[in-house]
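The data blocks that follow each hold one structure.
Here chain A shows up in two complexes: once beside chain B, once beside chain C.
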Partner chain A sequence: MDKPLFHFALAVLVAVLLPFFIRSGTLATEVLIFAIAAAGCNLLLGYTGLLSFGQGIFFGLGSYTLGLMLIHTSLPLLPTLVLAMVVGCVVAIIIGALSIRRQGVYFVMLTLAFAQLFYFLAYTFSDITGGDNGLIGIPRRGIGPLALDSSWSFYGFVAVIFLISFAALQRIATSTFGRTLLAIRYNGQRAQAIGFPIRVFKIAAFAVSGAVTGLAGALHALLIGIAPLSDIDYHMSESLLVMTIIGGTGNLFGSVLGAAFYLIVSDTLSAIWPRWLLLLGALLIVLALYIQKGIWGLIERGVGAVLGRRGGPDAMAPDTAGNERP
Partner chain B sequence: MHRRRFLQLSSIASAALAAPPILRTAFAADDAITIAAPLPMSGAFAANGKYGSMGTSMAVADAGSVLGKKLSYLEIDTEGRPATAVRKIQEAMQQKKVQLFAGGILSSSALAMGAEVNKHQGVFFTTAGADEITGSNCNKSTFRWSVPTYGAINETVRPLIEKMPKAKRWYTITPKYVFGEGLLNAAKDVFKEKGVELVGNSYHSLDEKEFSGYITNAVAAQPDVLLILNFGSQSSATLRQAVNFGLKSKMTILVAWASGLEQFEELGADVSDGIYFGAQYWHGIDSPFNKELVAKVQKEKGINPNYSFAGAYIMAKLLSDGAKKGGSADGSAVIKALEGMEYDGMTGKETIRAADHQVIKNYYLLKGKAKAAMKDKDDYADIISSGQSFLSPEDAKCKMT
Partner chain C sequence: MIYLFQLMNGIGLGMLYFLLAVGLSVIFGLLHFVNFAHGAFYLLGAYLCYALLQYGVGFWGALVLAAIIVAAIAAVVETGLLKRIYRLDHMYHIVATIGLALMIQEIVIIVWGPVGSSVPAPQALSGAIMLGNFIYPEYRLFVIGLTAVLAIVLWWVLEGTRLGAVVRAGSESTEMVSLLGYDINRINTAVFALGAGLAGLAGALAAPIRGVDPFMGVEALAVAFVVVVIGGMGSYTGALVAGLLVGIVQSLMTTIWPAGASLAIYIAMVLVVLVMPRGLLGRA
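== the complex of A and B ==
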């Protein structure tokens, strides 16, 4: 269950099967976009143990970067997406470098403060961002002869980017770098004593996470044709964290499940009952109390029971998410 | 990895994704014309969404059928979020082939939805407030029934100045964003023209809930009139706190952009008594169409129509009338039919201006009455004056796209 190739095969399976189970191309696309962002969040939370409320900043900046570029310049789509990643990455390095100077609760508070700061920057500079109205009229440029107008052609494009991002993140997570991040999460002091520059590693994790989240934000703006203020709101960070935790921290495919579950359940419940947020709240309480390893943990347990053995080694690991050891 | 384990796992993974389509609403039937109402049915503005949905569904039921096809109604929950709103509009247009939309109470969602509907040449009718909707962001598909900030100020501040020529000192409380600035700038223009002094202004953020500091500042400036330029729950909170501070006896208070009956119910007659309010709609309007609507809603729903209800009703009616007149429910035909249309609406004669798709209609100045003077439970206010004030499409900066 822990083989990277197996997880990648599952990601491919999701990308291929989603259109068969969801009639709406836009909802299916949104699932993959948020899966990318949640995987980026997971790298920080699940692998490095950093509970960051800054993810919304990178997501929002990705949206604005893409929007501003496509509205005001004639830059082709792919360089614009790369630019959104660069902006997400650079800002993540700055925020990461400042935030990791403190640990635990103070780290979380610093990222929250940055989230508020960037939200109000976007709100205040409404001439650039559109403020509360959002940045409207973002064109969906095609790639060469490939038009991305229809929802399913755009889905295909996003699916390819999703799989590339997933593979890249997985490569990072299984590399020495990724293993070191896990070591930092489980015992930062020991990792430092062995000689790892944990500050640099944490900033690097921020950089990767920022780039990936910026990319997701850019794709989101491209999907809906606007960069709304809510993309940079701290509620966005909250949603991304919730998706990551629902899916299961410390496992990248868990984030895909988390994003799919969150978005599809929200969409279904909101059509049934206007007070659906109550149900979602109750569901989160159940998850936090009884299913701390998220959906992925549940699947591992289920499969373990079916096959008569325990889940992977990560299922046995203590849940230290958000609790950096001193 | 063993093939069996792979299959087991993949079936579990996909099972989670399999359930929703079963629960999804059915596709709109081909032989029906659908009017969709994208409204905030959940979230902070769910109450407005509820009345909007009632209004739309009643208008659709009243119209029955158009062009020999049954008129059907599709409710879309925007959750009050632009991103969700746009996504669901895309779904409705691409998968359910819906072309006609009436809704979008919040400006940010409405602007985003208008742009999206325009991409696919549908029609989007809204009551949202932002000037940009029929101003700098106007487009071929978007129509707006409500009066923008310019008219709201000119039909409230101007008549009040004329009514009280001695009231020369005004103080404003303004939410710091585009909509608030729009109201404030329009007010400043009227003040300048009428020789009225703006003795002070307090800006606040959209998240503000506590207004006593601003009210103390207002008292210190000793104005004759306090002009409240925020809206919704913020204006209710501002007003309630102002009344608690005893401002009613010290100065005249005007809330330029009230939400109508909903807001009076929330405030209660003790607070609203003696206060002036600007409103897009009031159930007491003396017009044949309005009287008919009020009687009907009272009979069928047991309530008086409020602004969310009435706005939604007239927008859905205009869309079905547009389809009838245009001879097709196709977006471009309906747009053409609606442009320049004149009709007897709830506020009397209303016209849809072709150049910017703004409906030219009355805006009302109301005055809250005392509890003892109320004839029934909803008789919170009297209409003091009404009129039509609009910027020209050029001055509103509308360049139709």
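== the complex of A and C ==
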């Protein structure tokens, strides 16, 4: 967090090295797409302390927006991506503004109920969304002379967007705005007492997170050529949260690790044993009890041990978990 | 007339939602613990009822046994695992119980397969009776009657007995309850088991109406949350009123606009939250 250049370099390293470790261009692309979405989730959860089950809404809306635009209009690709971000952002502002009227667990439940509301909206209005089947046959348009039809050329395109998003999110997280979000997370009452309009800040965090997640959703629909109902499902919200928490909250690069871990492990395990979710469940319990800072926390601890127990500033940050308790 | 029919269905459904949500609400009230595995206990109750019927246990036995087994499993899980999580942040409650719910769901699939099944209503209640001038299935009538009796018993337990007084006191101050000489750990376990057992019973009762499938837990969890959000967290009456409201809205919508029946309850929730952010009967 305090070494943005170093973390950005790590992100570049991941984007460059992934193709050497993963044979499937689709899986590699998926890792970067979900890394964007998980980083967007982290801005809410890790920086602002808002555990939102609504991330799937923005992801799904991004998918549908892009799908509808590419199927029904002749808009070029980039404007549709921007439109998906705008839709994600606007809906996130509305849901954020409504949800933060309640705090703690009530907030969590509200966002989950909103997630269900949007799922059933998509399910019910199947004329527009394709219902169970999803929006089928989304064309993958190129950008100007650049065709994106091979899986690795599309990977390159997504990698560029991933790096831009990562840099932008990191810029936001290290700015005064991001610091204020952290202050709200550590002690909301104090931040309010100092005079920060914490509601506005929380809604702004939602706006950014919604835009980024909408972008990721749009890329996902573009990748698989359909906007499936599962993109807006409750499980999407859950998976994004799980990736964020596995990676480590409060660190954007952690989200990249979390997304990579989740997707690669699920891809490998599900090929071996269809009931691998049983193992994921067990992992989540272990995570909650023993590895609360996720993979990034483990790495920091490991590096700290090697360097003679001098953890970085992140490792020294107080665990302020208890503050949100009512 | 069809509306009256659907109103009856809605009351039955609503009472099941109440059973489901009241446990979630009471567990939160006492333990300040968010239980994302609550839907999984409902799922387990439904499948245990299904399995016990298959083994030839009578319906009554299956109903009672399913609820008791779920409560016992919940007690073991609480003592062995969740107890250690209470002191952590809500985020970790949620992560751990999502993990637990995933494990239960996958175990259900391993044991009973990924495809759902239908569950027959008990022989004695499989008929239908004439109510005025429309026909109503006996089983659904029985569900309404049984859940109404349970609601009264539960209200009496929480409001009229010493245990209820301790539980309510515990939700205000666990320290004080401990100082008065009550073993708060045992009370926590008992309340958690009771809440899970009620969810299990709701699942078992719902099985003959909707059948069983491995993903019914997620659906139930979302509905329970809606009920709790509408009714107000920790409020017994809130859970009852909101459960009935959600059940009736969903049921009437099935007649008016079938595709939007599930959508309607979430719209109802958003409307309530817009007007009363704390829920209908929530405390500050």
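The rule is simple: the second predicted complex is superposed on the first by the 313 of 326 C-alpha atoms of A that agree within 3 Å, B and C clash if a C-alpha of one lies under 4 Å from a C-alpha of the other, contacts with A are read in each partner's own complex, and residues count from 1 in each chain.
Operating definition for what follows: contacts are C-beta pairs under 8 Å (C-beta built on N, C-alpha and C of every residue); 3 or more make two chains touch, one makes a residue touch a chain.
Keep in mind the model is a prediction, meaning the values are calculated, not measured.
> With both structures fitted on chain A, tell me whether chain B or chain C touches more of chain A's residues.
B
> In the overlay, answer first, second, both or neither for which of chain B and chain C A:224 touches.
So A:224 only meets chain B here.
> Regarding the shared-chain residue A:98, is it in contact with chain B (first), chain C (second), both, or neither?
second
> Would you check which partner chain A:291 touches, where first means chain B only, second means chain C only, and both and neither mean what they say?
A:291: touches no partner chain.
> Once the structures are superposed on A, label A:14 by its partner contacts, choosing first (chain B), second (chain C), both or neither.
After superposing on A, A:14 lies in contact with chain B but is clear of chain C.
> Which holds for A:82: it touches chain B only (first), chain C only (second), both, or neither?
The answer is neither, since A:82 touches no partner chain.
> Have a look at where A:128 lands relative to chain B and chain C in the superposition and call it first, second, both or neither.
Neither partner.
> Go through the superposed model and pick first if A:281 touches only chain B, second if only chain C, both, or neither.
So A:281 only meets chain C here.
> Share the list of chain A residues that count as touching for chain B in one structure and for chain C in the other.
Shared contact residues on chain A (touching chain B in one complex, chain C in the other): 123, 275, 277.
> Can you tell me which positions in chain C touch chain A when the two form their complex?
Going by the criterion above, the answer is residues 28, 32, 34, 81, 84-85, 88-96, 98-103, 105-107, 109-110, 218, 222, 225-226, 228-229, 233, 259-260, 262-263, 266-267, 269-270, 273-274, 277-278.
> If you look only at chain A, which of its residues touch chain C in the complex?
Against chain C, chain A makes touches at 45, 51, 98, 101-102, 104-106, 108-110, 112-114, 116-117, 120-121, 123-124, 234-235, 238, 242, 245, 249, 275, 277-278, 280-285, 287-289, 292, 321-322, 324-326.
> Which stretch or stretches of chain B touch chain A in the complex?
Chain B residues touching chain A: 1, 5-6, 8-10, 12-14, 16-21, 23-25, 41-43, 46, 49-50, 77, 79, 81-83, 86-87, 90-91, 94-95, 107-108, 111-112, 115-116, 119, 130, 132, 137, 177-179, 206.
> Residues of chain A touching chain B in their complex?
Residues 1, 3, 5-6, 9-10, 13-14, 17-18, 21-27, 30, 123, 126, 131-134, 136-137, 150-151, 220, 223-226, 228-231, 257, 260-261, 264, 267-268, 270-272, 274-277, 295, 299, 302-303, 306-307 of chain A touch chain B in their complex.
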